[in-house]
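What follows is one structure encoded as C-alpha cells, with my remarks underneath.
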Amino acid sequence: MAVVDKTPATVAAAPGALVVLGGATPEAAGQWGSVWRALQRNRLAMAGLYIVLLLFAVAAGADFLANNKPYYMVYQGRIYFPVFRSGLVRFGLGKWQPELLNMDFKTVKAERIVFPPIPHLATDIDLTAPFEAPSAAHWLGTDKLGRDVTAGLIHGSRISLSIGFVAVGIALVVGVALGALAGYFGSWIDLLISRLFEVMLTLPTLFLLITIAAMFPPSIFLTMTIIGLTSWVGMARFTRSEFLKIRGLDYVTAALALGVPTRKIMFRHILPNALAPVLVSVVLGVAGAILTESSLSFLGIGVPAETVTWGSILNEARSATFGWWLAVFPGAAIFVTVLSYYLVGEGLRDALDPRLKGTK
Amino acid sequence: MRRSLFLAAFLSLTLFSLRGDGFGQGAAQPVTGDWLLNHSLSDPEQLNPLTSNDASASEVLGYIFESLLQLDPRTLEFKPLLAEARPEISKDKLAYTFKLRRDARFQDGKPITGEDVLFSIKSIKCPLVDAPFLRVYYDSVVDAELLDPYTIRFKTKEPYFLNEEQLGSILVLPRHYYDPQNLLKTTGVRDLLGDPTKLPPAVKRFADNFNKNYNRSPLGSGPYKFAFWKTGQEVQLVRDPNYWGNGKAGVDQPHIDRMRFRVINNPDAALIQLKSGDLDTMELTPIQATRGTNSDRFKKQFAKYEYYAPTFSYIGWNNASPIFRDKRVRQAMTYFTNRQQMVKAILFGLGRVVDSPIYFSRPEYDNSLYSYPYDPKKALALLAEAGWKDTDGDGVLDKVIDGRKVPLRFEIKVNSGNDVRESVALTLQDELKKHGVAASVRQLDWTIFLDDVKNHKFDAVVLGWQMPATEGDNYQVWHSSQADNKGSNHISFKNPRVDKILEDYRREFDEKKRFEMAKEFQHILNDEQPYTFLFARKAVTPVDRRFHGVEVLATPTGLSPIEWWVPRSQQKYGARETAN
Amino acid sequence: MAAYLLQRLLLMIPTFIGITLLCFLIVHLAPGDPAELMAGGGLSARGGAGISLQKRGAVDQALAEWRALYGLDKPLHVQYLVWLKNLARLDFGNSFKDNRSVWEKVRERLPVTLKLEFFSILLVYIVAIPLGIYSATHRDTLGDYATTLVAFVLFAVPVIWAATMALVFICGGDFLYLFPPGGLTSIDYARDWPLWERIKDQTWHLFLPVVLLSYAGFAGLSRYMRSSMLEVLRQDFIQVARAKGLAERVVVFKHAVRNSLIPQVTILAELLPGLIGGSVIIETVFSIPGMGQLGFDAVLARDYPVVLALLTVSALLTLIGILLSDILLAVVDPRIAFGRRIQ
C-alpha cells in the first residue's frame, strides 16, 4: 500500500497531472504571473502557503524561539546578549566572554534577564522531570529524559524542513538531468533511462530505505541522500515528456537549423518551459520527504541519538502510552506541515493546468 | 418441613466442603494441573540445544534438558542431578570422574547412560557442529572416556577452579535421538581436537544432520516435553507424566501441566494481554512497573516480584587513549555521572548503583568500596589537577599532550535499540557540556558496535556484562593479556598487580583465600576507575495470584516456575486433562 | 496479444536483474558483520542484557568457522552469481538467524501480509469508488467540496501518527479499550472454535491495521475516479444517451461508471510497490507476524538472505502487478495492445 510512499510518482497518477503550459513559448515570465494570480484565488492553497512560510520562520528562528540562554542579561553591571553570542561562537565568528563560559543561565543571579519564550533547548535533559504532562513550565510536556516537547517541535522543524529540501533538491537535480537527457536525445539513451525508471519504480522503496538507513551508521546527511535518490523518478518522467513534446516544436527545429548549440537549446529554451510540472512535484516531494524522514526516525533509524525529531518524539509514545502529549503534538506538527505543502502543491497544479480548469 | 430444612442444610454443607477451599485451607499440598502462560519478547531462533544462541531459546530449553549437576537456587551450591554425586577430582585437579544415577530416563523412556554423556561432550567439541561459541567455553576439556557404562571421566588441560561447574553443566543429549546411526562412535574427544578437515566423513554427516534437522524438535530428559512451536506465536511444553524424577528426593517436582510461551514482540501489547488475563506473567519494563501496573484491580489479580539479575551496566573508558590514560580524568568522569539520579529517572528507581564488577549479592563483593557521588566540583578540580584548562576561550577544556594541544572532546558509543544505555550516554553528554567537556553520542547498530568494541575503536562505550550467579572468573575481562588479542578486555586495562591476582585466583581452590584476593582486586579497580560502574537493574515480574509457591530465589532468573502450582479450585485451564 | 505479452515479459527481465543487482550490492556493502552479531548472543539480540561472559570467548577462529559455513568469505561477484543461480531454482538460501530455509520463513508470513493487503485494497476500492462517483455527480456542491476536503485531509494524516494515536487512545492504555493493541488472534484462540467466533476474533484484531493501511488510499483513488468520471461524462456518447431519453441514473451507472472504472485498474500497479514497505510500520506497531515485520527484524539482524529474498519477492510482486494491470487494460481497451508504442 503506497501509504507512506507519498512521493509525487504516486500522487501524479491522477489524470491531469501532465501539465501542459498551453502553447509553450519562450516568454515564460508572463505565464508565471498568471499562474500566481490563479493561485491566489484558491483560498485553501493560500492558507497552506501561509503555514509553510510560518514554518520556515519557525525553523529559521529556532534558536531564538527556544533556547536555554537569555536574549538579554545585565550581570554585574555589564550588558550581554548570550543568544547572539552563542550564534557567533557556533560559526567561529566570535568567542565567549570568559565570565560567561559554561554558565548556567537559569541559576545565575543577574540584575536583569530576559529569556526566549521557551527557555529550553530541544536537547536539554532534566532527569528530575521525565514524562511531565503539559504545564506552565513545559507547555507541551516533556519526554522520557525531561526534554521539553515544545522545544523539540521547534528545533525538529528545522531538521524536517532541511531534510525535505535537500532530499528534493537532490531528486530534482538527478530527475531533471536524466529526464532531459532521455527526452532530448531519444533512441537508445531514452530506452536505457526508461529502463532505469522502471527499475526505480518497482523497487520496494520504503523497505530499501529502511534497509540502508538501518545498516549504515545514522546520519542526517545519509537520510537526505537516500530519500533524494529514491524519489526522483516522477520529476524525471515529467521532464522527459516535456522535452519530448517541446523538442518536436517548430521553434526548436528552427533553432537547430540555425546552428544553436545543443546545450543552449536545452538550458535556455526547453528547460524553463518544462519546469512547471516539476514544480508541483517539488512541492509535493518536500511533503513526501518529510513524511518519509519522520517514519524512519519513528522506527528508530536514520537519525543520530542526540537529535530530537518529530518522529523520534512520536516513537516514545508507543511505549509510554500514558504520555498522550508525546503522541498528539509531534504527529499534529507533521500533519499540519504535510497538509500545507499538499494544499500548495495541489493549488499550484490546478493553477498550472488550464485544461482541467473547466472541470474543477 | 423439618426434613426439607435438614436436607437443605445437609446439601449446602456438602456443597461447601466440596468446594475444597471453603474451610481450613491450611498448609495445602502442591497438586498438578493448570497452565502457565509465559511471555516471550521474541521467537527463539531455534531450539537446538547446542547451536541456539538466544535468551528465548535458553528459557525453553532449560525445561527440556538436564545436566550432571544442578545449581541449588537457594544455596547456590552444586547438587547432583543426573550424576549420583559430585565428581571425584584427582589430586592434580585435571581429572573429573562422574558416576551417573541408574534411574534417570529420557522423555522417550530410554535410560540415560554414560554413552549419552560422552556423546554430549563429543558434540560440543566437534568443530563441524555449528556451536563455535559454546565450544570455546569448553576449550579446557581435552579428553573424556567411559570407565564403565555409568561412569565417565573427563580430563582437562589445566587446573581451574571452575572446571567442575563447567563439566557439571554439560547438557545431556540422547545419543539415540541426535545420532541415531552412531556416526560418532569411533571418534574420540581427542580426535576432535585436531584439524577439522581431517575428520572422517561420518563425523561430517553427523554434524550436517545435527545442524540442520534438530532445530524444532528437542528431546531431553527434563520434566517438560516439547509439544509444538507455532512460529511467531507460541512455543508450548507439556509436563511429562513419566518424568524419571517424579517422586525422587532432591529433584524438582514439576506441577504445572503446560508451559506456554506466548510470543508478543511489543511489551505494551503484552501488558494489555496480561491485564486481560491472557498472560499469567511477564517481565515489565521500568515504565510499566512504576506507572502501568498500580491499580487496585491489578494488585488483586497479580503479585509483583522484584529481583536483581546478575548483570551490571558500565561506561568503559578507553584506557589506552591519551585522554583517558590518566586515572584522574576517569575518576572525574565518574564524579560527573549522577548515577543515583539515573537510577531514579532512567530506571524509575528499579536498580541500584554498583561499584565493582562482581555481582553485588555475592559474599566476595566488597561493600566497603568508595561509592563516587555526583560531584561536578570535585570532578573539575581533578581535571584541573590533571592539567586541563580552557586556554582558548572556546568553552572546551584542553591540555597539551605529547606536544599537541588536545581538546577534551570525545565520542561515547552506544548500541542502538537499547533505551537505557542511550539515555545514560545522552544524560552524561548533557552534563559534561555544562562543564566544558565536549562529548558526543554515537549510536551504532549492534554488529558494528561490537566490531568497534572488539577492535578498541572507541573513546568511551556504554555496555553491560551478564554474569553467572555463581562465583565468576574475572580473568577474561581484566587481565592484560586479554587486551591485545581482541579478547574481553576491551578497554585495554593493564595493571601488573591485578594480573598477578587474577592468575593466582584461577588456581586457588581455597574459597576463603580467593575471597581475600577478590577484595584486593576490587579495591584497585575502585581507585583506578577503568570503568565507571553504573548500576544493576531490578526486574519486576507480576505473577497471577493463583500460583502458589512463587518465591524470589538467588538464581539468575530470579524466579523458578518449575516450583509453582495452582490449587485445584483455582485452576483456570486444562480442566479436561487427567491429573497425574 | 500474445506478442504483446511476450514483449512485456522480456522487458521485465532486465528490470528484474537491475533490481536484484542493486539490492544485492546495497545489502552486502553495508557495514556490519553478521558473525559479530552471533557473538553477542543470537542474531536477534540487540545487546539487551549485555555481553554474556560465558559466550564472550569468541575468538577469531570461531567467527571464521561461522563465516565459512555461510559462504561469506567468497568474493562479492561470486556470491551474487551463486545467489542468482539458486534463485532460478527458487532457493533463497537459509536464514543466518536460525538456519531455516528462507522460503519457508517467507511462506509462513506471506498469507498474513497478503490478507492484510487484500482487505486494505478492498476497503480502499469499496470506499473510494462510491466517493468518487458521488463527487463527480454532485460536482461543485457542498458535498463534493466536503468529501474532497475530507479525503485530502486523510491523505495528509501520517500513518505513524494515526497508528500511535490509536494505540494510545483506543487500544487499552489509559483511555479506551476498543481494539486489541496487537496480534492476529486472542490468546486462547483455537482451531476448534466455531467459524463465526473465529471470524469475529480475527476481524476484531485486523480491523485497525486494515483501516490504517487503507485510509490514505481513499483520497487518491476517489479523486482519480472523480476526474475519470468527469472526463467520461463530458464525452459525446453520454450526451447521446441522455438525448435518447435514458434516466440519469442509468446514464451514470451503466455507462459513465463502467467506462471510468477501467483506468482505476492501473492504480493497482501503483499500490503494489508499497506492499512490503508500507506494512512494516503497521506490523511493527501492532505486532503482526507478517512479511513487513520479518523484513524489519531481518534488516536489523543483518540476515542478508532474508532481506534479499523480501526485496526480490516485493519487486517480483510489483512487476507481476504491473503486468497484470497492463494486461487487464489491454484486454479492455484493445487499442493498447495493437497500437502500442513504447512510451
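By letter and in written order, the chains are A, B and C; residue numbering begins at 1 in each of them.
One rule holds in what follows: a residue touches a chain if its C-beta (ideal position, glycine included) is under 8 Å from a C-beta of that chain, and two chains touch if they have at least 3 such contacts.
Because the structure is predicted, anything quoted here is derived from the model rather than measured.
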A-B or A-C - the one linked by more C-beta pairs in contact: A-C
Chain whose averaged C-alpha position falls nearest the assembly-wide average: C
Distance from the mean Cα position of subunit C to that of subunit B, given in whole angstrom: 39
Centre distance in Å when subunit A and subunit C are each reduced to the mean of their C-alpha atoms: 26
Subunit A-subunit B separation of Cα centroids, rounded to whole Å: 47
Multi-partner residues of subunit A (each touching 2 or more other chains): 214-215, 217, 318, 321-322
Two or more partner chains touched - positions in subunit B: 266, 268, 416-417, 445, 448
In subunit C, residues with contacts to at least two other chains: 31-32, 167, 171, 173, 285, 300, 302
Residues of subunit A touching subunit B in the complex: 89, 95-96, 98, 101-102, 104, 123-125, 127-128, 130-131, 144-146, 214-215, 217-218, 300-301, 304-306, 318-322
Of all residues in subunit C, those that touch subunit A in their complex: 11, 14-15, 18-19, 22-23, 26-27, 30-32, 117, 120-121, 124, 139, 152-153, 155-162, 164-165, 167-169, 171, 173-175, 212-214, 216-217, 220, 223-224, 227-228, 230-231, 234, 263, 266-267, 270-271, 273-281, 284-285, 292, 295-296, 299-300, 302, 307, 310-311, 314-315, 318-319, 322, 342
Residue ranges of subunit B touching subunit A (in the complex, touch as defined): 266-268, 285, 287, 291-292, 338, 341-342, 344-346, 390, 393-395, 414, 416-417, 419, 422-423, 425-427, 429-431, 434-436, 440-445, 448
Subunit C-facing residues of subunit A, complex: 1-6, 9-11, 13-16, 191, 194-196, 198-199, 201-212, 214-217, 287, 291, 294-295, 298-299, 311, 314, 317-318, 321-324, 327-328, 330-332, 334-335, 338-339, 342-343, 346, 356, 359
Contact footprint of subunit C on subunit B as seen in their complex: 37, 42-43, 45-46, 51-55, 57, 127, 130, 132-137, 139, 211-212, 215, 231-233, 262, 264-266, 268-269, 272-273, 275-276, 278-279, 309, 311-313, 415-418, 445-451, 454, 463-468, 472, 476-477, 485-488
